[in-house]
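First the structure, in the form of structure tokens, and then the observations on it.
Each chain carries a letter (A, B and C) given by its place in the written order, and its residues are counted from 1.
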């Protein structure tokens, strides 16, 4: 859940980039760091970091997930916020680490880390209270909020709050906005037909808004939705809205 | 690839039926909208959920005592209480009561526990007619089907299908697709059945220990008919349905119908505390309650899984499930479909039988968000995934724990875990991609059937941030 | 099957019970509506589910009920002669369709009850404003089927017994202290179903029409 009382603006923070951004969407990670640095926050990116452990956790392999999680806990020792450009990975660390480490020798450390976790948009809005200035062209944007950002982290409204500051951005709301896009990590692989039916509907509804741009705070969803957009463009000649992580979109539009 | 399972085949079939899918979507949209309209004030909703959760959790924390208290008070009220460990025992109890009365037929109000028992089939094999009287149940029984939803059993059927079905089964009744006329026909047919039925059966929504009272919610009046007209009433219920006090009932009654169908209250709330008294003129002269375990006490033994038993069977999780709305209730191949079925069935019947269901969730959390008693359904799915592959199977009561652990998959996760926790060996990027790809050698095609493949970036975030001079400690 | 009983209880008892926070359990939603507001809400809710609600007072309720019977074209009306209302109606039988008194056990006149009664009239123990609900307790005078089997149910509700919520009614009326009847009922409209393609239909098994007379 989103913090009820927010800490004052810190001087220094950790950045946890997530494995998906590391491997496939590094630009989202770089943009997020740039957004944070612009607010005069010192960003530390521990180079030893890898993955929050969620893939194994959601597959039922808890020992394996714990081993990976345990490593991360060591890489973020200082008592400063950890900002994560993903609702899903933030949710893993914030809500599931406490479960994963229950009764373990390092439970206290896990809880301590969980308490320091922020999803990026939440951090920008609630802690840094950013003021954005739109330098971009007029654009119609659809927002897809990931299920973990919405339901685990409770930060569903943050992207809209950020976009609301951009004078040239018009947010278009799609039907079934709160419904899952069908990614769900291994779900997309283990239940490919159901997942495909879900993403087909999601793309349909987003396209129906006429928005030319899609933003989300989670690259998992983006990989799923934009992959489907691209496929439909290739095979069915349909328009493919440009899909970007919110950090990348914000940075592009606001840096001079 | 291994032979596709029944579940896989059913899912593919269901997804292919675009008309049925559109029908489900419309039905679930209505149910979701109705529910939303019942809770305009989110803070009030959250407070009520917390209260309902506390009521159910409290009852479970005192379950054995409350069951004994319920039994004592029901007995005092003149209700005969029976206990059954298995569905077979429960069926035998029902049969025994019927035989005692030389009853050849039974008329039923809606009861999911009786579906769980397979009671209709059991009785029919023994030459006894079991007739469903809930309109939805009546319809699917006519068509030889099982419920596709726990609240709206015939939700998968269109008006046209039902019209045809009625005409086919009752050729004397002229064809009509007028819902009022169809309903009136069902009323006429079932009236005569109620008139003659020697035994009536019902489920139980809540059983109040303090007063020895069985509570039933319903809209049609068939629940009242089933429990009032026949001389014998048999109620069947799971052992978890008990609550402690009468004062626990109003909050539960306030949240159940609103969550289920979006009604402020159901037409009837029927509280039965005993058979007909000597000076009364109607009501059954005998009332029986069958308390069924069927795996519930096993679920009870685990502090995390226990939450499953808080369920009040409202169906809200089903109505809000993006998987259910696409594959429908029958694909699950279970008595309880949707998210509640996904967590309950593998625990009840074991992971070998229904373990596949726990993969059929994107863990989106829509179910947990609406559950009136705050069952953390996604967490329980996650836990069951763990149970299905864990090695320390003695630490969980779940049946068939560990049986879904496949050596290859386990080896891949171990290798992944090793490299992702040993950054000195770091070449995480390439390695992980290769490893995870290895997880699903045959299924990679599934991703690219409807999507383009993601491309690895030329430079990882690690490399880029290092190049930008971002501090690393 | 006492083996099953022992085995189940033993299993349940062998578990270390979780400690649960039940502080939220007793919280009651507080609504304070005055009588007029209660009547307004009750009426609105009832009408929303297609029940009829008629206002009357001590002076004219009898005429009101008689008028309803007439409008509905009833040939007969089933009731108890012993309730406050039933007594008066019986004394003024001339104003009404043929009165039938529920005096025998159901077995003795089941066919007539099922197929030859046009409407049943009952008193009520009270009403609930929040949900638009009638409270009925079965009794020797007013058996369960009186409000269930006939196609029309006419219920008389004393507005002094209109409570804000169900919880309030249970508390104020002292249900626990009194002890529950064999059958306590909340009725919130005519019998209905949406089982055919989510289209609302009335009078599936219970009464097709519910008529409430507020006194």
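Here are some notes:
One rule holds for everything that comes next: a residue touches a chain if its C-beta (ideal position, glycine included) is under 8 Å from a C-beta of that chain, and two chains touch if they have at least 3 such contacts.
Since the model is a prediction, treat every value here as computed from it, not as a measurement.
In terms of the distance between Cα centroids, subunit C is separated most widely from A.
Chain centroids computed from C-alpha atoms place B closest to the centre of all protein C-alpha atoms shown. As a whole-number value, the distance joining the C-alpha centres of subunit A and subunit B reads 33 Å.
Measuring from the averaged C-alpha position of subunit B to that of subunit C gives a distance of 30 Å. The geometric centre of subunit A is 53 Å away from that of subunit C, both derived from CA atoms.
Those residues of subunit B lying in contact with subunit C across their complex are 27, 30, 44, 47-48, 50-51, 53-55, 57-58, 60-64, 67-68, 77, 82-85, 89, 93, 133-136, 139, 152-155, 157-159, 162, 179-180, 182-184, 186-187, 190-191, 194-195, 210-211, 213, 219-222, 224-225, 228-229, 239, 246-251, 253-254, 261, 264-277, 279-283, 291, 293, 297-298, 300-301, 303, 306. By the touch criterion given at the top, residues 1-2, 4-5, 7-9, 11-27, 29, 45, 49, 102-106, 110-111, 114, 130-133, 138-140, 143-145, 148, 165-167, 170-171, 175-176, 179-199, 201-207 of subunit C touch subunit B in their complex.
In the complex of the two chains, the subunit A residues touching subunit B come out as 15, 17, 19, 21-27, 29-30, 33, 42-51, 53, 55-65, 67-68, 70-71, 75, 99, 147-148, 150-152, 178-180, 182-200, 223-224, 227-228, 230-231, 234. Of all residues in subunit B, only 11-12, 15, 322-323, 326-327, 359-366, 368-369, 379, 382, 384-390, 409-410, 413-414, 416-423, 426, 428-429, 432-433, 436, 439-440, 443, 446-457, 459-466, 468, 470-473 touch subunit A in the complex they form.
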